[in-house]
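Structure in structure tokens, see below.
As written, the chain order gives the labels A, B, C and D, with residue 1 at the start of each chain.
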Amino acid sequence: MPTRVAFLGLGAIGAPIARHLAPPPFELAVWNRTRARAVDFAHGLEVRVADTPADAARAAQFVVTCLSTSRDVESLLDGPSGLIAGFEPGAVLIDCTSGDPATSRRIATRLAEHDVGFVDAPVSGGVSGAEQGTLTVMCGGDASTVERVRPVLQAFGKKIVHCGPIGAGDALKSVNNALLAVHVWSTAEGLAALAKAGVSPAVALDVINASSGRSNTSQSLFPERVLTRAFPRTFRLALLDKDVNIAAGVAREQQVPSPMLQLTAELFRAAHRVLGEEADHVEAVRLLEEWAQVEIA
Amino acid sequence: MPTRVAFLGLGAIGAPIARHLAPPPFELAVWNRTRARAVDFAHGLEVRVADTPADAARAAQFVVTCLSTSRDVESLLDGPSGLIAGFEPGAVLIDCTSGDPATSRRIATRLAEHDVGFVDAPVSGGVSGAEQGTLTVMCGGDASTVERVRPVLQAFGKKIVHCGPIGAGDALKSVNNALLAVHVWSTAEGLAALAKAGVSPAVALDVINASSGRSNTSQSLFPERVLTRAFPRTFRLALLDKDVNIAAGVAREQQVPSPMLQLTAELFRAAHRVLGEEADHVEAVRLLEEWAQVEIA
Amino acid sequence: MPTRVAFLGLGAIGAPIARHLAPPPFELAVWNRTRARAVDFAHGLEVRVADTPADAARAAQFVVTCLSTSRDVESLLDGPSGLIAGFEPGAVLIDCTSGDPATSRRIATRLAEHDVGFVDAPVSGGVSGAEQGTLTVMCGGDASTVERVRPVLQAFGKKIVHCGPIGAGDALKSVNNALLAVHVWSTAEGLAALAKAGVSPAVALDVINASSGRSNTSQSLFPERVLTRAFPRTFRLALLDKDVNIAAGVAREQQVPSPMLQLTAELFRAAHRVLGEEADHVEAVRLLEEWAQVEIA
Amino acid sequence: MPTRVAFLGLGAIGAPIARHLAPPPFELAVWNRTRARAVDFAHGLEVRVADTPADAARAAQFVVTCLSTSRDVESLLDGPSGLIAGFEPGAVLIDCTSGDPATSRRIATRLAEHDVGFVDAPVSGGVSGAEQGTLTVMCGGDASTVERVRPVLQAFGKKIVHCGPIGAGDALKSVNNALLAVHVWSTAEGLAALAKAGVSPAVALDVINASSGRSNTSQSLFPERVLTRAFPRTFRLALLDKDVNIAAGVAREQQVPSPMLQLTAELFRAAHRVLGEEADHVEAVRLLEEWAQVEIA
């Protein structure tokens, strides 16, 4: 018997995830706000292009969403063509969006009224991890629901972790990304100061990467993207800004004094506003470079 | 012909470094403020215990210092028993202290008047790196002087890096340690918020360490020292506070707006004052735990 | 014809406000969660003690609430004894709580479905302003509703300001209080540093209060409450923490990078947690004094 | 017998101060780096234009300096035409510069070797206070020296305050100005958020100025300079940046954890760098306005 899956949101991460859900034992229906993208995706695959979220959900045991924000997911629930109108009782919504815990809990409560389960399941590993099916998936939800969706997640993920109750996956993803943001900004401050003091950023990174101050950011992002001035656009600053904001909100909600996360949120908010919607997340260093009047190169 | 070396400051890092300078081709004299420690060190080795800094420097081609602060080094220069009274013209002071660039420059200027060279050469790698002779050494000074001292540095260091002019080694060491401090504090904020939101710190670290938010701190320090509540005392918070302060000072001196380094300096200043002189650097998380009323375990 | 008013929340500020609404032309019913307080209040006055929020609202043209948080107000709306069950169509809820705009907007939306108006109307001026009827009242709502409630507000307020749409009063009140918090903390930092540098806080305040750095905080709170070590408990730190948090949230919601408001929120969050629920807002300086190991006196 | 005074530094504040020291009982010599300014100043007055600092100091009982930084004062001490070459034993240097305590202490030590006294005496009150002779003067030094210079200070100051040992005047002036900077920035954050939330800055200021969040900044600077978009250039941002940096340095030197002063220093450092040397201090709000994409008007 096939596993019937619907997939909504065929963006940079969503499309390669969905590709793993097309072959047997899966039977896939896809929907995308810009329909042309869904048609393109389906080209040459045994995939049904749905007309509406409701149409996609119809007959699906699992509906997977991969959108920009939890609010985007929430906005697909209602109305005659909304997900709720299509859901089979007993189905589960697997939300791979890098979402926020409060909205995920609200969505879960709505769905539960219709006997539909919910797992927040944001992923880490980027486009290449999605293509290779080696993503890390951070799951929030009750243990039995997480077990039910595990075969779906294993189609595109290598490390499937049950993190805690609904929203726990969102919370953990946001904190991971907030640490990334902390590393990007603090490394930029340090390298800018060193550059002006006569220490070349390449030499500095070589030493830091052999010492206690190293991070994935100093080991990969700065050598490959900043020093080269390549700044490839792989993950938008606008999305990292959103994630840091979610993490900062989790800390506030949990009454954890967190001056560093909050400051980071403000710096990325400023960078996002100054550098615009299309900038890559690593380009946040450009704001610091402007302030310091030095190039980290 | 032996290479005559003097070593001043036989502390936790200094003593194991000095041990590499005792056997041929080196001929070693040692001095320590608490003389008993020098006598203990010399026990069973072919090492001369000097009575004063001047006595240690006499006849030495290289004088190595490894003290708490640059000010401590500076305080050994003057007076009838001070280093300057003992130095041979043409000798070089190699300062392995995690020092500050401004004081290093001042020391170098003083020494140059007596035809004595100077290299700031702080190290990274901890006690075990010192014991195994695998330290990273960050050198500041002119290229020819750095070349002259290289054979001495190679006795205890594996990676010898010429970073830039005098003070460049200090600057780089301080920035590396400031990034360490940033990582310790920000990881603590994130994990405390997650713990209160129902995500266990062990699960969170497992995921972060497979994702973009990882750092040496999340990969080693938190699993081994915080989650276990072991907090071994390997590197004093008081010294990390000093280092962050040096890095923050470099950024200010270089006119680099650096809100994150400055905030980190304040948080470690507060942690140092509240937790005292003997606390380990990783224990800074205890201050955040008190604020958040949660244990990261 | 009398103006029929209900008043809910007879706390430190609520009770003296309500007292102005007891004499003609007003006809007053009161309700308080702890009923004894309502009975005490009514003693010797022509005031009806209501059994429930619904009972208080019955027949009232204006219902005034003065509680700790907007959530407290929201929690009184529903159920058989809730406000909505009692409201007359055409009545208006005047909320004098120092509330948050988002919850106020949600309350207003709920009430509008029952043809009940809403004005957020937080006040400034403290207990003595409430007693003397000289409060400043910051109103959010549509202009015609604000005009309708003005006669009620004038019974206890001297300066009635229409600030903008629903939530505007809350927003402004929270920003005012956040500035108060900024002033308390920054003045403490400055005076602590000066005290340790040999400048007496009394001399410092005398000069600052004649110069450009002066604020209401430096002119009143520090001379009267900190230097004297009196720290009278007039306004709880817990409530100021809440207000700063609201202001910081308004800034985030409006996409205003606001590192200073966010940092202040974290410092007051920490102070609140360390100093407890009963501490006065000015006692936040005690946390800084502990960090700095100096008394501002 | 006349009181012989030398005045060095005829800038925006210096010139009007010096004018009070021209008539009897004073006998005035002036010096300015740009000589033309000294000649202009002397026009129509009984004032001697000196050729060098040494020439100005010759025969003077009191030498008054009013420059941009303590380093500028220090740079006038040495060499054949420097102040030390001209000073009479027993004279006193009165430094009205908004200086830094460490440099002032260094200057005082140098002068003491030549039997010359020192008082740091920064002023507050602006150009109009200088013109009207109503400045507040913050003195650091020993009590007897401050008493000796009091008659000179009274010629241009109304409130003469002995703050503590050498450097105490500088420290207090810097903290006052740092509080001014805190107020400018935090008020801007609050008003920007309110403006975007629908509360006009004029209404907001009207309410805040009747409430606990008021400061001299909200009462004068914002209504007169920001809302009007006038931004008159009365006190350069570059100088306020310097002052905040001095205050932040005092706090660090005194081991006072001071996250708010340090953050303010970074924000003004960034504003100074982005807005340039000629911007007025109140124009720092323009940086926040750019981040927030709103005008406070």
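Heads up, the rule we're going with is that a residue touches a chain if its C-beta (ideal position, glycine included) is under 8 Å from a C-beta of that chain, and two chains touch if they have at least 3 such contacts.
This structure is a prediction, so every number in the text was calculated from the model and none was measured.
*Asks:* Which chains contact both subunit C and subunit D?
*Replies:* Touching subunit C as well as subunit D, we find A, B.
*Asks:* Among the chains, which is located farthest from subunit B on the basis of C-alpha centroids?
*Replies:* Of all chains, C has its centre farthest from that of subunit B.
*Asks:* If you tally contacting C-beta pairs, which comes out ahead, B-C or B-D? Let me know.
*Replies:* Most contacts of the two pairs: B-D.
*Asks:* Determine the centre-to-centre distance between subunit B and subunit C, using the mean Cα coordinates as centres, and give it in whole Å.
*Replies:* Each chain's C-alpha centroid was found; their separation is 51 Å.
*Asks:* Averaged over CA atoms, how far is the centre of subunit B from the centre of subunit D? Could you give it in whole Å?
*Replies:* Each chain reduced to its C-alpha mean, subunit B and subunit D end up 39 Å apart.
*Asks:* Can you list every residue of subunit B that touches 2 or more other chains, as numbers and ranges?
*Replies:* Subunit B, residues with two or more chain partners: 255, 257-259, 263, 267, 269-270, 273, 291-293.
*Asks:* So what shape is it, when you link every pair of chains that touch: line, ring, star, complete or other?
*Replies:* Complete.
*Asks:* Which of the residues in subunit C come into contact with subunit D in the complex?
*Replies:* Against subunit D, the touching part of subunit C is residues 101, 124-125, 136, 138, 159, 161-165, 167-168, 171-172, 175-180, 182-183, 185-187, 189-194, 196-200, 203-204, 206-208, 210-218, 247, 250-251, 253-261, 263-264, 267, 288, 291-294.
*Asks:* Can you name the residues of subunit B that touch subunit C in the complex?
*Replies:* Interface residues on subunit B, with respect to subunit C: 259, 263, 269-270, 273-274, 290-293.
*Asks:* Would you mind writing out the residues of subunit A in touch with subunit C in their complex?
*Replies:* Interface residues on the subunit A side: 245, 252, 255, 257-259, 262-263, 265-267, 269-270, 273.
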